[in-house]
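Look at the two complexes coming up: chain A is in both, with chain B in one and chain C in the other.
Moving on, here comes the complex of A and B:
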């Protein structure tokens, strides 16, 4: 699904190293990319793969790699280079339980890694968190567009559950790479022009300072233009659940289960995790009494929620780490506890 | 003017077009500057400058894009051959080469080196073996000789304690994707001429779509060897070649030299 979306979005280069639960993607692309004149390489490691991506994007291709949590850890140096060199690329992470080798169950424990840089240096990675197959297809196009527009690596963050879900999808119109605007910084030989160099090492501290300021300005633009979120039934809600990805879908079912019993509950779903929809959540929290955070982790997005909400509303948290996927009934139990304040499921976060 | 004929000047030596008119930061007597010049001359003579994309390493040659007069891209330490693979597969009609030190190519980047070579990537590699980590100040390299003093081998490299020096060129030769590997040196006029011939041949392998080719260059690092440039040349010629004998290691090209 993600594979076909990538090809339709004009991706012509993929390199990756097998890791469960995302092998369907490279397996699909290994046959599909050659059909459209693209290149598939099974790299010897995640490190090699991300570096192949650096080469391919520098030479002008829309390029993508993918992995799952431990493999994404290995790619971090390369992602930092992409950010420093200002090269576009798309990285898909199908998260699994961790730390260490962890397990292959759907988890969402890589939020910190995805949104806090992951690699070294003062940089940011736009992170898109679709919550279903249709959105995943659209986000794949968006990921390549944001990458090209801002010359930045972009991460698509999903979980194992999404990787295994089958849903009907309508793909956006295919993009022919030839129709994309030509990037004027790529390396294609210096015929008829001055040679170009792409690098991230800037030894002069003043120039490095300027480069950091330039990146910062770009990140501010991305925050202003690309922040995305969704709300369901938040108007007049007393409690608002904050959840992303698959967790948001489970939360939605839980809210439906509780409908008509007790106070009105809405859903706030960040779609970009960086930039986090801080302002939007903040203004929403002015009008609700309780914010209920639900994550497949021990509490990572929670920190962004705390920074957004502060003491404007009471914050409750229910996080299930390790790859366990709670049922809608369990999440409904959490929401009932949030309502009654009995503390049976989840806990109150004191700010 | 008398009736004497005007003097005619003919240019017999100059800067290759593929080298920019910049001072390098290389130390006096360093092999890197010689290797740069040889690479530039070969690229000029083969008419490749305008279709070349070079990938320098992290190491003393990290700033090579300030010296070479064609497109270049920095690679993370050890990853030039993975990155070059991404380039070459995207633009197969371009000429792509990597330029790497021994730490870059034979320690941190060993996996990338072996697999790119084994895939038979149509890439040419210039491998600078100076038996030391130059850029970081003289620590042990994978190629440091037994007995050689580095800042992390006090008393000299000991096989049992630090491991043996690695001969990556011979290791690569067993890969079927590799068509040509030769070891040359940069410490003497004869040696330098031979190195140039080898580099050019390695480049031809790519142009003729034969496979992966690599030239290893034994390269003096007077600074971290704590020698004068002259002593460093002598050390290459008398000592280093015993561990790394010069000559062709693999050649399935069928080229007549």
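Moving on, here comes the complex of A and C:
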């Protein structure tokens, strides 16, 4: 699904190394990309693959790689280089349980890594977190567009549940790579023009300083223009659940199961994890008494919620790490506990 | 109207394919559907299950708290999911392998001798198709035609299996209709 969306979005180069739970993606692209004149490479490693992406995007292609948690760790150096070289690329992470080699079950424990850089240096990576297959198809297009517009790597962050779930999808209209705006910085042979260079090593400290300021300005633009979020039933809600990705869908069903019993509960779903919709969550938290955070992790997005909400509302947290997928009934149990304050499910976060 | 069905059994019993057939049939019928599988790293053996949710409204969670329908292809599946089925729910049991019944009387139990019925139509490899036929016939989720269309869409290019699978689905429908 993500593979077809990428091809329709004009992606013509993929390199990656197999890892569960995302092998459906490279398997699909290995057959599909050659049909549209694209290139599919199963690299000898994750590191080789991300470096092939650097080469392909520097040469002008819409390029993508993908992996799951341990493989994404290996790609971090390359992602940092892409950020330093200001090259567009899309990286899809289908998260699994960790740390270490972990397991192959759905987890969302890479939030810190995805939103805090992961690689070295003063950079940020826009992170898109779709909650279902239709949104994933649309976000794949958006990821390539943001990457090109701001000359930055963009991460699509899903989990093993997203990787395995199937739903009917209506794809956006296809993009012909020939119709994309010409990138005036690519390395496509300097016949008839001045040679160009793309590099991330800037030894002169003043030039590096200027380069960092330029990147910072870009990140401020991205924050101003690209922050995305969704809300369900937050008007007049006393409790608001904050969850992203597939966890948000389980939370939404939990809210439906509790409808008509107890106080009104709404859902706030960050779609961009970086930039996090801080201002939007902050203004929402001024009108609710309790914020309930639910994650497939031991508590990572929680820190962004704390920074957004502060002491404007009570914050509660329910995290299920390790790859276990809770049912809506279990999340409903957490929300009932938040409402009553009995502390039986989840815990209160003291700010 | 929302119906959540859990298919569960050993890896290799065609458990996920049953869910696939139902999902594709529902999609072609034009209703909303989600398919969520859970299985180990093994190709055969181990346990496998999938949850198919069908609704005329937006489906939030692909994960079900309580299934309306359980399809238990082996005993561990019945033990694990039997207690979670909603009151007045449907429990389909593969009676070729499972002699037990769930220890509750608030669900309707349908015993389907999948292997025997599949052998009647040519091969016990069609046991899962017999079961999905029985599930669709009893629940009314898909008509016979929609189930067969769903099977063909789910298997796409593997046309050599269409004939046997269709016979299996028809046998499952007949089994339920004869019992009525």
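One rule holds for everything that comes next: the second predicted complex is superposed on the first by the 351 of 351 C-alpha atoms of A that agree within 3 Å, B and C clash if a C-alpha of one lies under 4 Å from a C-alpha of the other, contacts with A are read in each partner's own complex, and residues count from 1 in each chain.
Keep in mind that, in the parts below, a contact is a pair of C-beta atoms (placed from the backbone, for glycine too) under 8 Å apart; a residue touches a chain by one contact, two chains touch by 3 or more.
Bear in mind that the values here come from a model prediction, so they are computed numbers and not experimental data.
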item: Room on chain A for both chain B and chain C (clash or fit); value: fit
item: First, second, both or neither for A:43, with chain B first and chain C second; value: first
item: Partner chain in contact with A:53 - chain B first, chain C second, else both or neither; value: first
item: Touching partner for A:167 - first (chain B), second (chain C), both, neither; value: second
item: Which superposed partner A:182 touches (first chain B, second chain C, both, neither); value: neither
item: Dominant contact partner of chain A by residue count, chain C or chain B; value: B
item: Which superposed partner A:13 touches (first chain B, second chain C, both, neither); value: first
item: Contacts of A:201 with chain B and chain C, given as first, second, both or neither; value: first
item: Closest Cα approach, chain C to chain B, once both complexes are overlaid on chain A (Å); value: 28
item: Common ground on chain A, meaning residues reached by chain C in one complex and by chain B in the other; value: none
item: Chain A contact footprint on chain B (complex, rising order); value: 49-53, 55, 62-63, 65-66, 68-76, 79, 82-91, 94-95, 111-112, 114-115
item: Residues of chain A that touch chain C when the two form their complex; value: 20, 104, 161, 164-168, 246, 249-250, 252-254, 256-257, 325-330, 332
item: Touching residues on chain A, where the partner in the complex is chain B; value: 12-13, 15, 39, 41, 43-45, 47-49, 51-61, 63, 77-78, 81, 85, 187-192, 195-201
item: Chain C to chain A touching residues, read off their complex; value: 23, 27, 32-38, 41, 60-66
